[in-house]
Amino acid sequence: MISHIGLVGLGKMGNNMRERLRRSSIEVTGFDPRPEVSDVASLADLVATLPSPRVIWVMVPAGEPTRGVIDELGGLLTEGDIIVEGGNSHYAEDQERAAELAERGIGYVDCGVSGGVWGLENGYGLMCGGDVAHVETLMPVFDALRPEGPREEGFVHAGTVGAGHFAKMVHNGIEYGLMQAYAEGYELLAAKKDIVTDVHGTMKAWQRGTVVRSWLLDLMVKALEEDPGLAGLDDWVDDSGEGRWTIDEGVDNAVPLPVISAALFARFASRQESSPAMRAVAALRQQFGGHSVKKAE
Amino acid sequence: MISHIGLVGLGKMGNNMRERLRRSSIEVTGFDPRPEVSDVASLADLVATLPSPRVIWVMVPAGEPTRGVIDELGGLLTEGDIIVEGGNSHYAEDQERAAELAERGIGYVDCGVSGGVWGLENGYGLMCGGDVAHVETLMPVFDALRPEGPREEGFVHAGTVGAGHFAKMVHNGIEYGLMQAYAEGYELLAAKKDIVTDVHGTMKAWQRGTVVRSWLLDLMVKALEEDPGLAGLDDWVDDSGEGRWTIDEGVDNAVPLPVISAALFARFASRQESSPAMRAVAALRQQFGGHSVKKAE
Amino acid sequence: MISHIGLVGLGKMGNNMRERLRRSSIEVTGFDPRPEVSDVASLADLVATLPSPRVIWVMVPAGEPTRGVIDELGGLLTEGDIIVEGGNSHYAEDQERAAELAERGIGYVDCGVSGGVWGLENGYGLMCGGDVAHVETLMPVFDALRPEGPREEGFVHAGTVGAGHFAKMVHNGIEYGLMQAYAEGYELLAAKKDIVTDVHGTMKAWQRGTVVRSWLLDLMVKALEEDPGLAGLDDWVDDSGEGRWTIDEGVDNAVPLPVISAALFARFASRQESSPAMRAVAALRQQFGGHSVKKAE
Amino acid sequence: MISHIGLVGLGKMGNNMRERLRRSSIEVTGFDPRPEVSDVASLADLVATLPSPRVIWVMVPAGEPTRGVIDELGGLLTEGDIIVEGGNSHYAEDQERAAELAERGIGYVDCGVSGGVWGLENGYGLMCGGDVAHVETLMPVFDALRPEGPREEGFVHAGTVGAGHFAKMVHNGIEYGLMQAYAEGYELLAAKKDIVTDVHGTMKAWQRGTVVRSWLLDLMVKALEEDPGLAGLDDWVDDSGEGRWTIDEGVDNAVPLPVISAALFARFASRQESSPAMRAVAALRQQFGGHSVKKAE
């Protein structure tokens, strides 16, 4: 039974996860390139520290960083060891990487992790993909990370390798849609301040008994408490890649995603200093109707 | 302090609300045109039964039925009495009606009620609009209906007359967006059954710790438990009018509602036997490219 | 056979229409509140000038101004006269007004007019609604205004009163969608300037032979010729009301309008200094993930 | 000066292009796997037939078929020869293939071809990408294929290799949006047949003078002439891949494409026997409100 694992990447997420695991008496040796937070000096040291079969949880940014760590670990680990990719890799990359590692007898489990900065206290929602045997080996780790309550309400073995990140990707796509839905409703309420005199109180009152109650609503209420009118924030919204992948998958699988795509496109638009498309529409209106336009400053 | 009210309309919602009020020791005299469920024989009888100042809660279908009941009550009630419109009236109608009743000294409070069939046990989320004095008078009724917990998490006096139904309308608009977001995610998960082998389990695992956890998600999980694959349902989705009003308000107030409108339009499309628009696109493709089309059967 | 009509409203559209009618030997007496452009001093003078049965074409801004002119004309005209509402009235207002005037024997024809500033030379696309007899009376006027070529390619008697403005409203809704489609394509081309080195030339090359050729495309090419990169314009796009009505009609008739609504909402968003909805999404992301946001300046 | 080229692929498009080239006195040797339409027996024969430097225009389905032909040609052609990829390849594949062929001194020009079955008579809209020298060599071929009129209104050298197909992809994305815009407008007109009694006549009247006049509108009118009410067609709309790529590019480049994506998703939805997403929404409504649903048959 696993009681000691390695954890690569001690950023905002990794650091909290190490803490939560330790609270559950799972020994964690953490590695991070920043010596001031790292428990060991190198990946090689990390591997040397762990009992066999080794379990190493990778929690670094998706893409090159994750690829680099896993490639290096692939050269250090041996048959029977397991890598858990807990970051936000694309599920197709999971499949490629698992196939490579399998040739050398190294297990690979992908695990989508939800919960953000709240996970340390609330536990993390976990969705994983991989072989049954690997998942069973890792179960003490998953149990330590997931929220209190029935296991199946905070953890799933969703399918074969890649299923965990596919599920997390869809989770994030849904999240985009949910956030935009609340945001549109908020804007409409706020546009009618002549009659709706208490926008914050209205959303607060949705927290119990209503159909729209949710954790995101709770956060919305909290945000409005801290900054009524949200005047302290710019209307600039980043996106982290998983929303984009969700649309790509919808397109590939001919699944209509009107809401999730609208939410993603609203974010793109929010980051534009000036929209070339809307300049084009303005230009067309000027051409055919002499309609009023605004000159660029 | 109000301890006895009238309740007009004993359908699915009204009946449960009467029950919940009675459990809180609020006396309720209910009227419904169906004698087998009604406590009195007529609106006039209802008015005669109530202590002064009278409070009558109207819980009948929006539009003509609500208008009819309130008009009749207007002729029966006297100065100082209060009508609570608990149905789904349009907020502009509330404003008209309140103005008419105010001329005769009768109070009018509009109250959006959320919670559906679950409200009897969970309590109802309440959003009301009207004069402070009227709302204060009604507070024992609101407290009996709303969920347990802090009052402000299940009840709000949102603003002037109409604000309650405006808030409820926005609530429902958001609801459309939320439901469509989960539905799109569900479809995408289900489209990848080669790797995501447990769609139900995946959504179940989102119930704790994740960003998308919500009451609607809980219902989605419940629905999938009862009917895996949702094979027993047709893909036909009704809409109840408040989603439409939400879009109308967005249009009137120049508030962009891409997500809520996409959710509404998906419902419209779901009810079409054959889409004239898509026949038109098929016709265009056939015209310019000799592209494959399907002949109507 | 009509050879002399009155024309109320000598703005950008009305003035050009008067000129085009005169070129076709239709006598036009124009009235406008601005004496410097008006042929007569008042509506009463206008009515007095015209031969019986009188035809008066109204070409003033929709809403109050149009209502005012038609109400006044209703008091001046007599049985057998005809009013043509050539502005952008809502079709339901046409129906109300026609019914009122019909009581006094005055005819009413609504006519949607398309073509903008180009209409003087190209002719105006005309869609009208009303009684067959009225439309036949007006035909010399319609023939003078419409483009050269077969009558049915630039003029239609679309149906009963209101049909002309309903058709024009739909025309404008389509126009919103078309413009946004070109605009999105333009932005995508312009985003790939590393390989597409000639965006203007690319759109110019679509003018002949391609599926997307159209008059709007010609205008887009012209705009890019005059201002490559459209750098001289702000990305601020007004809307004139008919796009909004189109969405309202879609909502009322349960017709899905995903493209036209997206085009309208893009315009709304283009005019916002700061989007409350996107501030809300930013606030949510900050709450759950400590994600990067931008502080308002 | 090129006066004799090879043409691979004699399907609907290729066959018409051969005919149009021959009418312009360009000699064309065509190859197709179907002997009954082919001028030569094999690609090798085709290459042997052509004068040096050889020009071979490839007009076969995108993906494997195109890849196969170009790979084989790569082995048969020699330095100074040029391949024109006239199909619908993805621009990134153009770039890969051009790089491979360049190593062996073989030129590669990608050319998007628009016009469908109408191209034979009207000429084809052409957008190409590649080296200036190659494009100049090919100009007699392009001039024969493109529509009458100024060269720059039916042909563009849009940029480096890939630019032609990128431009064609965007062209098709725009086309999706335009078609959906007309289709939505058509449906709304048809939904108001109580007042708009002549839907076909209305769209016909938009052909001259209006802002929405276009070639697609002409086709729409033609389709309505041939099949009033479009009753003979199913509401099933295919998509050919380039609309999908357009969305992928929008997502990759953070370009909001609300209209083009809505048009694509409407096509996806049109092909679903039963929408899993809408079954999910129906299930949710049933769960919380006991709302009416339809059971699957």
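By written order: A, B, C and D. Residues from 1 in each chain.
Throughout what follows, contacts are C-beta pairs under 8 Å (C-beta built on N, C-alpha and C of every residue); 3 or more make two chains touch, one makes a residue touch a chain.
Computed from a predicted model, the values in this text were never measured in an experiment.
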item	value
Third chains touching both chain C and chain B	A, D
Classification of the chain A:chain B interface as same or different, half of numbers criterion	same
Chain C on chain D, rotation in degrees - Cα superposition, rounded to nearest 5	180
Taking each chain's C-alpha mean as its centre, the one farthest from chain A	C
Gap in Å, rounded to a whole number, between the CA centres of chain B and chain A	33
Centroid spacing, where centroids are CA-atom means, of chain A and chain C in whole angstrom	47
Cα-centroid distance, chain A relative to chain D, in whole angstrom	37
Multi-chain contact sites of chain B, meaning residues that touch two or more partners	116, 180, 182, 184, 187, 191, 211, 216, 250, 255-258, 262, 265-266, 269, 275, 277, 288
Complex contacts: residues of chain C adjacent to chain B	211, 244, 247-248, 250-252, 254-258, 261-262, 264-266, 268-269, 271, 275, 277, 288
Complex interface listing, chain B residues touching chain A	91, 114-116, 119, 122-127, 129, 146-149, 152-163, 166-167, 170-178, 180-182, 184-185, 187-189, 191-192, 195-198, 201-202, 204-217, 246, 249-250, 253, 255-260, 262-263, 265-266
Residues of chain C defined as touching chain A within the complex	12, 116-118, 179-180, 182-184, 186-187, 190-191, 216, 219-220, 222-224, 227, 230-238, 240, 258, 262, 266-267, 269-270, 272, 274-297
